[in-house]
Amino acid sequence: MITIELRGIWHRYPGISNWALKDISATFSSGKLILVSGHNGSGKTTLLKIAALLYRPWHGEIIVEGCNFWKMNEAEKIKIRRKITYVHEKPILLRGSVFENVAYSIRIRGVDRCDATEKAESIMEELELIKLSDKSAKELSAGQSQLVAIARALVADPELILLDEPFAHLDTRKSKLLSQALKVRRKNGVGIVFASHSRGKLPEDLEPDEVIVLEEGQIISKY
Amino acid sequence: MITIELRGIWHRYPGISNWALKDISATFSSGKLILVSGHNGSGKTTLLKIAALLYRPWHGEIIVEGCNFWKMNEAEKIKIRRKITYVHEKPILLRGSVFENVAYSIRIRGVDRCDATEKAESIMEELELIKLSDKSAKELSAGQSQLVAIARALVADPELILLDEPFAHLDTRKSKLLSQALKVRRKNGVGIVFASHSRGKLPEDLEPDEVIVLEEGQIISKY
Amino acid sequence: MSQLLSEVLDVTFRTLYISGLATVLSILWSLPAAYLLSFRQRAGLLEAVVESLVGIPTTLLGLLLFMLFSSSGILGFLKLLYTPQAILIGQSILVTPILISTSYRVLREVVSPYFELALSLGASKIQAMAMILRESVAGIIASIIMSFSRAVGELGVAMMVGGNIKGFTRVLTTAIALGVTRGEFEAAIILGVILLALTISTAIAVKVLMRLMRS
Amino acid sequence: MSQLLSEVLDVTFRTLYISGLATVLSILWSLPAAYLLSFRQRAGLLEAVVESLVGIPTTLLGLLLFMLFSSSGILGFLKLLYTPQAILIGQSILVTPILISTSYRVLREVVSPYFELALSLGASKIQAMAMILRESVAGIIASIIMSFSRAVGELGVAMMVGGNIKGFTRVLTTAIALGVTRGEFEAAIILGVILLALTISTAIAVKVLMRLMRS
Amino acid sequence: FSPFYEVRVRIFTTTSLYATGLLDYLADQFKKENPTVKLEYMAVGTGAALKYAEQGDACAVIVHAPSLEKQYLEKGVLEPGIIFAYNFFIIVGPKTDPAEISNLNNVIDAFKKIYSVGEASKTVFVSRGDNSGTHVKELDIWKRANLNPAGKSWYKEAAAGMEQTLVVANELQGYTLSDIGTYLKFKKQGRLPNLEILYANSTDLNIINIYSAYLVKKCLGEERKYAEFFIRFLENRQDIIGSFGLSEYGQSLFYPVKDKIQEVQALWVKLSAG
């Protein structure tokens, strides 16, 4: 169980005077599926990265497990970070094979080699990536790399997973596999957050618990 | 008027033994709208780059204006390249402002500063990018950069434009603007080639003249 | 006193002039070489060789050039020995490996996506090269500054083919070396401080200029 | 003859040992420094200073260290002067600027996306650093090779704080300088060839090793 | 190496002496008698050697510039030392000898001739300019000749060691003052095809070159003991010095002082007065 509560978040990028996010309050927690939507440039990516604890906001608080995240010490921070994963809009893969990429998130959690292999392989089966296992990450097509990045985030068994436009490059079959995989995890209490510019980009069988609509950095509606 | 004819193209990536494209023949020409579709990893991007004269195929010929492109001399090649633009799946922007990015394609064609500014501004009006004009390219969101990359390719008034998943990150409004812009150019005789994993990703008002379906590097159907 | 000052100024100016020109000269071949090298798929061996030459002992290079330029050498007829020109040539050769290696590292990251991008927008090969250089300009500038600093700071070449002749080929490093030989350590250190101030302020000036030009 | 050979081997081995260790020592602080520097937003000034120190005259550095280590210097009590340890320290300082500057250039490109990526997958700061180093390993290796080559090829420090003592602190460059002083140019050149062969083969060995380790 | 049973003795010496190989030769002989002692030579100019002595980094110095030596003796850096060898400076220059000094028998006249021919732009003179023993000697001769060539375009200050200066003189086809040892060594190696000895005169006391060895006051302990041994060795084994180079160059590079000690000492005193 994890809950990330954003309270009055303001954020801007260094050197830019405009606020990318203005006074955002929202709560993301285990078991819930939340869609963050809005036009291009409305602040979805920024919000997700703030919620994923990657950007430190200029103003406002992020309360995780009852405490202000950005005031925690390194050890506490890392304990929380281990429970959350985030998938970038433009996937960044590591040098090495697809397998190594997927296994990375488990390896850094100190899982032993044998278990790690098993887990990585099971997720690759689930997303039909097993054929690509030995391919070098540099040799993937756009859709393939997006899926590998997603697998790498899922394999860590996060309590909360944030996905930024995960379906942008996935074909119909891959999209189905992913929404299937997410549905299973949602049932098991994993919190899921999507960013997508319109509801229409989400597969129909993934019904969000809440939709947050952004416009120029502000939440204009929640339903 | 330009016609690019691929004859029996085979291509593979260096160091990889599998063929990414196998015996592809196809023709792309002015005034036609062609959709290249297929699953992730089926070879759409590779085919588009071959047709855009960016990759030199291992086997097969590319006939442009009656001659084998890859046997032309530098001067002839550049003459042809000036008539074609290609938009990458993952946009690559240049250092500098959005305006500088858009103006680049005209500037390298030797258009004088004044005309270039006018043209760049008119395309930015058309795609509603004018507000971003002075923004640095590094500061754009995913959808914004994709649109800038598209504007940069359109501004050169190509006779043939190839777009790799152009709608992947565009919101509904931006997608409409783009399909509108493309429709106008199609009427004026510009050839358009899309890559997209499914017909569904294309706005409904853009009816392709031909759909090429790829599967594991081969054309499995054309209609 | 004022004579000493004018001597120091003379040496400083000569250093700046010779090493600056040597760096510019070396750019003429090093950047194109780095550019070409960055297109190669398997450049590991060449890389290794060029990187190893970064530290080539200046005495060795100086000796080789001396043998070339000496009156009994192959290029003796050019009468270059013990002239500023000889130092210029020597230093431009000396900095070639560091200039190639460091700018190659920068270009390599940029070359493949941007070359393709340039072509995709209808650029010629020269325009593509210009784009690539522009995208990696910060790294290239750093590489040039390092090379200039290396040229200013080297001793062996200036000594062996320049001859450290007062008022003609004496540069800061040979003057420092002279101070050390004479046991005038304080003078040597003062010259050293001038040398560092010179390279540091040149470097800062270049970076500031770059920033201004960009905006 | 065989005595000469054993002397050459002795000097070669000592060079490899001292400069290799100096490079390793310098890595201990240079890589972390480059890593930290690569996070800074406005690093232009620091960059310029470090890049300018790349070519710091070895004679000057040698002189400064000499004054430090000399028995009347602050660190005189350590009795380091004219020992291989003194060269080791001097060279590790000498290569610091080139090691920082070149690895910084490489890290800078990688740091910001990969640090974020590492955190997004739950990595600790140390794991993030490991990821970043791993992603830029080719450039880091190049930077280390250049530094090693610089250490092997420098003369001033080895001469001033090593003293070029036969059988104890004589390294390849000081032996070359001695050859030049004695007019034994051929011997000097042969030693120079050995030196280059040494750095080139080390560089190639490292690159081959890297390739093997990756696959 | 085993630093545990060896005593290191740091001796700073002039480059010219080291480059001839005499010192290594002496060290080998010394080693036979004192196997646990390791002589470490640092070859630098006389000026620098004395400076190092002052800093306390040398245990003994071997130098050849009486006027400088005297200064450091007076400063209390050095202990009274010994003169162990001498030889004569020579003037070398182009075969054509434009200043026609080869038939002169006084070095001051020779310098005067060079000066006037230099003023006529017909030749150049290359100076060490590095505050070494040889440089001090050269300046001394100019002074005696009442001339000041500093700043003249034909007077090249190629501030460097003797070897480099000879090489420069060879290339520029100019005159220079040299010690005999370095010249012969380089000549024999074929490095100096354009240079000949144009003035050598073992009766001209103005060009005598006196080598002395000193113990440095700050040097203490074991090292001092063996440094003293070595200086004693230099004093007592003059036969070695006299015969060094005979077989290779056909002439002695250094003359032992043993038989002429009074005479040479008197000269030293005269020279040190400047």
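Note that the chains are named A, B, C, D and E in the order they appear, and that numbering of residues resets to 1 at the start of each chain.
Simple rule for what comes next: a contact is a pair of C-beta atoms (placed from the backbone, for glycine too) under 8 Å apart; a residue touches a chain by one contact, two chains touch by 3 or more.
Given the structure is predicted, the values throughout are model-derived calculations rather than measurements.
S.K.: Give me the chains shared as neighbours by chain C and chain D.
M.R.: Common neighbours, chain C/chain D: E.
S.K.: How short can a chain-to-chain path be from chain A to chain D, counted in steps between touching chains?
M.R.: Counted as steps through touching chains, the separation is 1.
S.K.: Using the touch definition from the top, how many steps at minimum link chain A to chain E?
M.R.: 2
S.K.: Would you identify the chain whose Cα-based centre sits farthest away from the centre of chain D?
M.R.: B
S.K.: By mean C-alpha position, what chain is farthest away from chain A?
M.R.: So the farthest one, by centre of C-alpha atoms, is E.
S.K.: What's the distance between the Cα centroids of chain A and chain B, rounded to whole Å?
M.R.: The mean C-alpha positions of chain A and chain B differ by 30 Å.
S.K.: Where the centres are mean C-alpha positions, what is the separation of chain B from chain E, in Å?
M.R.: 80
S.K.: Where the centres are mean C-alpha positions, what is the separation of chain B from chain C, in Å?
M.R.: That gives a centre separation of 43 Å.
S.K.: Averaging only over C-alpha atoms, locate the centres of chain B and chain D and give their separation in whole Å.
M.R.: 49
S.K.: Give the residues of chain A that touch two or more other chains, as numbers and ranges in rising order.
M.R.: Within chain A, no residue touches at least two other chains.
S.K.: Quick one: which residues in chain E touch 2 or more of the other chains?
M.R.: Residues 52, 161 of chain E each touch two or more of the other chains.
S.K.: Indicate the residues of chain C shared as contacts by at least two other chains.
M.R.: Within chain C, residues 160, 180, 185 contact more than one other chain.
S.K.: Taking all chains into account, which pairs touch?
M.R.: Per the contact definition above, the touching pairs are A-B, A-D, B-C, C-D, C-E, D-E.
S.K.: Enumerate the contact residues on chain D facing chain C in the complex.
M.R.: 44-45, 47-49, 51-60, 63-64, 67, 98, 101-102, 105-106, 109, 139, 142, 145-146, 148-156, 160, 172-173, 176-177, 180, 185, 188-189, 192, 195-196, 199-200, 202-204, 206-208, 211
S.K.: Help me check something: in the complex, which residues belonging to chain B touch chain C?
M.R.: Residues in contact with chain C: 14, 49, 52-54, 74, 78, 81-88, 92, 94-95, 104-105, 108-109, 152-153, 156, 158.
S.K.: Considering only the defined contacts, which chain C positions touch chain E in the complex?
M.R.: 66, 70-72, 81-82, 159-160, 163-168, 170, 174, 178, 180-185
S.K.: Under the stated contact criterion, what part of chain A meets chain B in this complex?
M.R.: Answer in residue numbers: 13, 16, 38-41, 44-45, 89-90, 139-144, 147, 165, 168-174, 197-198, 200.
S.K.: Which part of chain D faces chain A closely enough to touch in the complex?
M.R.: 41, 113-114, 116-117, 119-125, 127, 131, 134-135
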